[in-house]
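Chain lettering (A, B, C and D) follows the sequence in which the chains are written, and residue indices restart at 1 in each chain.
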Amino acid sequence: MSDTRDLRVAVLGVGVMGADHVDRINRRISGARVTVISDASAERAAEVGASASDAQLVTDPFEAIAVEDVDAVLLATPSAAHAEQALACVNAGKPVLCEKPLATDAEGALEIARREAELGRRLVQVGFMRRFDHEHERLKSLIDAGELGQPLVMHCVHRNPAVPPRCDSATVIWNSVVHEIDATRYLLGEEIMAITVLRPTPSSHAAEGLQDPQLVILETETGRMVDIEVFVTSGVGYEVRTEVVGERGSAMIGLDVGLVRRTDPGRWGGQITPGFLERFGQAYDSEVQRWVDAVRAGGGSGDCVDGPGAWDGYAAAAVCAAGIRSLETWDRIEVDMVPRSTVDASARVEPEQSE
Amino acid sequence: MSDTRDLRVAVLGVGVMGADHVDRINRRISGARVTVISDASAERAAEVGASASDAQLVTDPFEAIAVEDVDAVLLATPSAAHAEQALACVNAGKPVLCEKPLATDAEGALEIARREAELGRRLVQVGFMRRFDHEHERLKSLIDAGELGQPLVMHCVHRNPAVPPRCDSATVIWNSVVHEIDATRYLLGEEIMAITVLRPTPSSHAAEGLQDPQLVILETETGRMVDIEVFVTSGVGYEVRTEVVGERGSAMIGLDVGLVRRTDPGRWGGQITPGFLERFGQAYDSEVQRWVDAVRAGGGSGDCVDGPGAWDGYAAAAVCAAGIRSLETWDRIEVDMVPRSTVDASARVEPEQSE
Amino acid sequence: MSDTRDLRVAVLGVGVMGADHVDRINRRISGARVTVISDASAERAAEVGASASDAQLVTDPFEAIAVEDVDAVLLATPSAAHAEQALACVNAGKPVLCEKPLATDAEGALEIARREAELGRRLVQVGFMRRFDHEHERLKSLIDAGELGQPLVMHCVHRNPAVPPRCDSATVIWNSVVHEIDATRYLLGEEIMAITVLRPTPSSHAAEGLQDPQLVILETETGRMVDIEVFVTSGVGYEVRTEVVGERGSAMIGLDVGLVRRTDPGRWGGQITPGFLERFGQAYDSEVQRWVDAVRAGGGSGDCVDGPGAWDGYAAAAVCAAGIRSLETWDRIEVDMVPRSTVDASARVEPEQSE
Amino acid sequence: MSDTRDLRVAVLGVGVMGADHVDRINRRISGARVTVISDASAERAAEVGASASDAQLVTDPFEAIAVEDVDAVLLATPSAAHAEQALACVNAGKPVLCEKPLATDAEGALEIARREAELGRRLVQVGFMRRFDHEHERLKSLIDAGELGQPLVMHCVHRNPAVPPRCDSATVIWNSVVHEIDATRYLLGEEIMAITVLRPTPSSHAAEGLQDPQLVILETETGRMVDIEVFVTSGVGYEVRTEVVGERGSAMIGLDVGLVRRTDPGRWGGQITPGFLERFGQAYDSEVQRWVDAVRAGGGSGDCVDGPGAWDGYAAAAVCAAGIRSLETWDRIEVDMVPRSTVDASARVEPEQSE
């Protein structure tokens, strides 16, 4: 694959997220185009494919991965399918950008990380797009420059206006808390050692059996603590707020001030970002553009990742799995992770970061 | 009058503002009590007097000023009555706190300033309460400490939700713009040399004949400029915002952030202060407490002012009068003021300020 | 005591807080004056007394309580002395405004609550001044009006720039967390059933042995949860932030926006309130004014409280005591409180509130 | 030119802005690539060209326009060169995206608008990138949805930290105020009829002869008024703030809140966007992407504009020219514009807007 040819991408799963990625690759970033589209629903695949006239429709995801004029794969299928499909990409030697989570159990994620390490070449990038968000990048820079002193405590808020009816308490951890888990690892630069999931009075707007909100406490290797409010039926908007408190000061992102209006009698205010695409659109664009560049630069034999990799996917999965146990047992659960050196002898000790 | 006896105050005019002053003197500050209440409406006087059982009701304002057990007078009568009543106080040798404006023409204010100067004793304080507001004080300190460098430009916004039906374009200048005129003199520390009143498209919510909003440009002695939006039928709330721009930076007060709510779907925001009593309650309390302390300290022969005085009242009146001419002629009008030394030979050149 | 005579107050303990109360009573509020000052340091008492010329100096606090021309007592002595002195006030039938905490163990507070209940007359008010702060009052109103729906979770931040060298981990709970405990009871209107004190990596600026920051989790009777960051060596400023999250939305106070400056190259921002007197000065004024009014209205036989009372002091003490055990054992501790009906048969079930 | 082939773009002028456009076209948007680079400095052209290996270097701008495999031209040359080069593009039938201003006198801009109208095909787009900025778009939507009622007054602030030494008072109008002129036409949807340039005390940081800050007043056809502070040696940061005040409320953009830090003792705040590329990077990306799409859709015979066109460039130039006269004469100057129908009989009366 020469540097001047566009990267040919298969997009697997074209729901809201996947369809947005198709549009992103074809219209909003450079250097890539979608050549294969795959979805469990042939109707949905055809609908999305209509706007991407060059793309071939392939029903079976594993066939889609194998298509010859596919250089790389973007996985936006349901979470439960990620592990097997990502592993297939690694086995086929094809770079893959896998939406979070990498797997819905720690074992599945670990197998991918191990297989990639055996190959000696980084092929798996995980879609933790906040690492590409300008506000998160600024917060990370502030911490790394030592302007907050040693970080000690972190406060996170993650609210969605609503979730689909089938969403249960465990899904909240695998799909929402997982972002805060990666943000913790990214911002604080160390692994998470324990997790406690607390259960405040549930909202009456949450479906039967859904524990919402949840209050999650993370503890890192060196003893820093993170509290997370995750509330997915808040009814208000999409709100993501992160505050890091260090020895020398604190910093917060996510106050969501943009246009401020003073129209209603006696009221001032603005609009809360309605959803994740609006809030993190720029981050998704940067993530996919940088992944495309990395894959093109990696060519057929080099590393193909510029962002969180398989180990980050595994680490998040291990913490989520412990979170599920905490949710079930009401206890603090210590996170059970294999030492990184047993997966990749050459790995740095700290969490992977964008280079 | 010994230092331990309460100051006996006559309150003239007990509409919204005057009644609030009665409550303030009797319940919210120390060292004073209301001994005389006067109002054109006997019914209103009785109503307010009921909550101030020690106070005597006196219908005629000039008799009220003359009552023997009145040490000082607080004037909250209609603006047009201020000049004559304040002059009566000066002539009776009684300290007076006069709500703004000191007079509704420059001549009336000048006469008071001259008469006071002849007495050689400061008795007249004008109710520019912003000089006692913590945010204004902080902005003033920042400027005086040189942290903005030389001030060059100032932006003011002054909005009321609504005004009484009889309010006309000139009243807006005498009652609302007058605050911005004093704020300019207070914050920038110099006199205003010219005023231009511009007439943007009027709001359809403004009564026939009321120019609203108005856009006012002030020019100071040294050439600094101030733009003022005054909009008294905004329908939204009471909003006062002031930004000073200097050679080394800018500073703004009045953003009105307090409680921030995120309740309505997709909206965040807060409540705009509903009116001037809520916004400047603390300032009124400080103003009256400090005036009471100054009058008690001044005793029967010393100065009885701790705040803007007669000259400040005159300066504001002169600028307002020029503003009215600008409103009528659509022209830039140079302000016509007598030199301060012709009124009071010992006066400092700069605008008076709280000591 | 007639309604027109000033309330005669003894102030016990005239450190920073007590001296400020002396100034408040004599200069900033109406209806009261300080007639007795008492302090362990005769020198300090004389110094503060110099500005309150009418006040008599009495060394022994119990003698000071007993002085005949003392109508009521304001306790600002060290925390450890509160319980015995407050009890002496109750036994002498004198109203007392006791700075928080009411006692430094739950038993001491309970004894006071019981003794007051036996008298059948409320004499004890506790200095939880946030209940008088306008922002807290607005947040309370919003909750009570149902605008947030049922409250589910609350986030609190309490930071001081620094503490005296002798401050230990338990003192942080009795002196700082106690405010959040009362704020929880005030805002959510129910008792706290369990407390967990977590220990994040301590700041290197904290003295040896001081666990700082602490992360505290409260659980209320109905299962609502509160997370509290308390960080008393933050080095930055005095920051108090409270967010309540309900079924229908959230609201936050304490963002501390006032004057916004843009002076340093590339930076905008404002000033953090330097300390509790600046942040809560208005609240202290309202608290003492309303207490004075309540005592004057209560006369010699009625209730003399307008604010948090002895039961509130006991409830806070019981939670603090449980917090100390959590700090020692690293465990979640259930709060051990006697039923309110065993103290006062007529009591409402919910926490006391200002009427 | 088929829809699937990339648009081949010549970039003329590769200073800061032009080089950024080269990078944008080749790396940040899709559907286009740079095939020709031209700059007065051969060295600079070579330097920028090194990162765009496919591009041919052509010294003469008119030759560059004429190169056969150039489908469209992006003009980022010095302002004085725009008119002649844009005209050459029109005459060659090549679509052009011309950085603002379209010309440095009204006549030059008018000639381009006339020539384009004769062709009967829209080829000229002007680089008023704010029309593509999300905050400006949201403000525009709010106005158009009637949520502010009829707009009456608008307040603009435009600050740069510094300007090159050669920048004079007129350049400030042609390069900075021109943005506010177009923002006024875009947001209020009507032409500007008069301009007054006021001269406050100049900053001592402004070079000899540079009037800075300037206070500019615009009046629209229907009498709305706009005040503009333009201050290009503010020393602080790049600050663009716009507030529209209507009959039913107001709205403001540009408060520049993102990451909020509390690190310095006693200070809270954030970072001001350092420059226009950081502030409006997203807007430039959208602008160029949409222009590329429009040119590709227009093919060889249709309109090739999706954004402000030649008439917008002319209108801005006419107001700027009047502004220069106001700057020279200290007077209010009425804007002299030819009726739009004399240029293009089919034109809508209102200002052009993105479709």
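The working rule: a residue touches a chain if its C-beta (ideal position, glycine included) is under 8 Å from a C-beta of that chain, and two chains touch if they have at least 3 such contacts.
What you are looking at is a predicted structure, and each value in this text was computed from that prediction instead of being measured.
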{"item": "Other chains in touch with both chain B and chain C", "value": "A, D"}
{"item": "Farthest chain (mean CA position) relative to chain C", "value": "D"}
{"item": "Gap in Å, rounded to a whole number, between the CA centres of chain C and chain A", "value": "44"}
{"item": "Chain A-chain B separation of Cα centroids, rounded to whole Å", "value": "58"}
{"item": "Chain centre separation in whole Å, for chain D relative to chain A (CA means)", "value": "37"}
{"item": "Numbers and ranges of chain B residues touching at least 2 other chains", "value": "235-236, 248-250, 260-264, 271"}
{"item": "In the complex, chain D residues that touch chain C", "value": "161, 235-237, 239, 256, 260-272, 274"}
{"item": "Residue ranges of chain D touching chain A (in the complex, touch as defined)", "value": "4, 26-31, 54, 134-135, 138-139, 142, 147-148, 248-253, 255, 257-264, 271, 282, 289"}
{"item": "Of chain C, residues touching chain A in the complex", "value": "149-150, 152-153, 155, 157, 198-205, 213, 215, 217, 222-225, 227, 229, 231, 234-236, 245, 247-250"}
